[in-house]
Amino acid sequence: GSNSTTEETTNNSGNLEGYPGLKIERRGKLRIICFDKPKKKNAIDTQMYRDIVSALSVAAKDPETSITVFTGTGDYFSSGNDLSNFANIEGTIKEAAENAGHLLRDFVGAFIDFPKPLIAMVNGPAVGISVTLLGLFDAVYASDKATFQTPFSALGQTPEACSSLTFPNIMGLAKAGEVLFFNKKLTAKEAKDRGLVTEIFPDASFRSETLPLVEKFSQLPVNSLVYSKELVRSQLNDRLHKINQQECDRLVERWQSADCIEAIMNFFSSKAKI
Amino acid sequence: GSNSTTEETTNNSGNLEGYPGLKIERRGKLRIICFDKPKKKNAIDTQMYRDIVSALSVAAKDPETSITVFTGTGDYFSSGNDLSNFANIEGTIKEAAENAGHLLRDFVGAFIDFPKPLIAMVNGPAVGISVTLLGLFDAVYASDKATFQTPFSALGQTPEACSSLTFPNIMGLAKAGEVLFFNKKLTAKEAKDRGLVTEIFPDASFRSETLPLVEKFSQLPVNSLVYSKELVRSQLNDRLHKINQQECDRLVERWQSADCIEAIMNFFSSKAKI
Amino acid sequence: GSNSTTEETTNNSGNLEGYPGLKIERRGKLRIICFDKPKKKNAIDTQMYRDIVSALSVAAKDPETSITVFTGTGDYFSSGNDLSNFANIEGTIKEAAENAGHLLRDFVGAFIDFPKPLIAMVNGPAVGISVTLLGLFDAVYASDKATFQTPFSALGQTPEACSSLTFPNIMGLAKAGEVLFFNKKLTAKEAKDRGLVTEIFPDASFRSETLPLVEKFSQLPVNSLVYSKELVRSQLNDRLHKINQQECDRLVERWQSADCIEAIMNFFSSKAKI
């Protein structure tokens, strides 16, 4: 409408347009960013990384938005990084790796710096970066059918999205190590017991139970929410940006390594055989 | 007695006198500070804040005290800050807010710097600052009827007593966010699962089970207790004082904000109607 | 064999020789360091401290080793520091305490700096330093018959092996205080709930269930494991070395204190009576 403070276009159903693979919805002061590529299990491609950074920037600036929610369309929350990002590179491998490193750093940085509460509604399985990002959220509600897996080392890679710092902080070294180093796949119950998930809801009523909850939260005074989050993050965000840079630097090296290239080629050749 | 190293007066029943709203009891090397204003649900008024700072100073210096316990008289542990503190202000709102900020900083600082083990025996519901302070304790035993709530944002306020730092450290960001930002009320079981509470005891036998436990602890060599706590806090206390100051600065701003003044006026007008 | 990159001698059964009180075994890329003094409940004597530092140095440098496991022979994981270390001192008490302090600092330092994943298979009761060290491990699997106790203050001592930092990080101050200050003995279930233990297995099948698990982990690309651990420890290890030094300095003072000497003499006189 004419009183909108952002440059968004809203269609009749209340959805905001302009982001392929993402669906953005406003419900009062709640803004819902939805991974919306169900045929690819909501894998995050290069364009989606960029668009999420934009969507977070809009949400941060919009005075009518108090709380931002991430969720997924269909059965998956997100299958993580779209590995076809690796298949469609331009230039040398080194250039592609460095570009991907910059994109990842800026993407994660947008979550670190997001000034308002971030809530995840994890509607189903989460893999890779859609799991590690959760360590930066202020509340995580999960379906009892959700699972959580970060198969870094199996792919010759290393942790990202500050999980090297957030996961040990949340669950202790001995439980974080199993997840970050040894590819342990967590059930929703295990993820809750380890502190990665705030609360679990039955899959059948997941959206109908969690949506009213987060809508209620979105009515709280936005200044108190912003200032409370600022206090919580005041001694943490410098460390988060530092580890984000270190993780991205290491991944740029990893993506050019024999370990990683071999693992990703195996992934594509196994797909090609099917 | 004449060999007492403190200026305390002990009456016949072993209680120490001189603090309205507080009851202080010594049992051997154990010192028990009891919120003792049950008709006001043990709400903490301005004088009690000051007297607790004094009581902690005496306990810290007394060589006959090894462990200090906080508990409450009656059904409540404490309903937190006595909101009538806001009704009885002198001078401008700005002056009153600044004075309250200094008092709060010094009060929390006394808990940060207390050199001997601090144990909470949470006999019933705890609200606001009586919850957030628990993040600075060395053990927290709770009745199964205890509850824990910090309704900051509902009152236009922000976290205090270092909970911006201690709660995420204890329970992880996603569980701390629900408590600090979204006013989640925890049961004793939930508070134990999240690490805020050490152990739960049945309400009917709460005092009779926990008192012998803490009395036994008070027999341990005091030097080992003090030096052990010193090690645990050596890398933490600077960060605690820093966040304490930041939290108090923010609350001084909040207490003068429209959000907060409106919420507190609503509180009193709803009471007036009853 | 002639292609070995280390100076080890392997006997027919695959065991490595040369460390009395320790049994070291290689299974593919897995290296198992076993406390092997079951008649003394795998108590760690002065020579064993030194030999573990050497064994870790060999494991760190061996390109054929990806993961290192600690476990115990017989019913105990380890009863901790062999108190007869205190009975066999040479020179003054001051010299002995300072030498023990240097040994402890270097021993713990070898765990802090170990660059590859460390896994504990806690086959039975663990006491003292065999518990506190677990806070530096990347995964801890425990028999359901394992227990965990750190009776520092009962012996006039103070925490070691960085537990002053790791235990509060893992379980929060209120649960760590009960363990570090008040000698709380944890069951395997309690240790898991508090985050010190990753997972529990039935005692009868403990080795047969955990060994295939860690062998599978040892097949993962070693570079990813090393770089992942490096990221996790990048902001932590400086703080670990600092607290290690502080803890050792305090223990050197404690070992010369009346509290501690009395407690240890009581220990030996009660043994002598039996």
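Observations on the structure shown:
When the chains are written out, they are named A, B and C in that same order, and each has its own residue count from 1.
FYI, a contact is a pair of C-beta atoms (placed from the backbone, for glycine too) under 8 Å apart; a residue touches a chain by one contact, two chains touch by 3 or more.
These numbers come from a predicted model, not from an experiment.
Between chain A and chain C, the least number of touch steps comes to 1. Residues touching across the chain B-chain C interface largely differ between the two copies, under half of the numbers being common to both. In the Cα superposition of chain A onto chain B, the rotation angle, rounded to steps of 5, is 120 degrees. The centroid of the Cα atoms in chain B and the matching centroid in chain C are 37 Å apart.
With touch defined as above, residues shared between interfaces to two or more other chains in chain A number as follows: 169, 171.
Across the interface of their complex, chain C is touched by residues 152-154, 156-159, 164-165, 168-169, 171-178, 180-183, 194, 239, 242-243, 246-247, 250, 254, 257, 259, 263 of chain A.
Per the touch definition, chain B reaches chain C in the complex via residues 117, 134-140, 166, 169-171, 195-199, 217, 220-221, 223-225, 227-232, 234-236.
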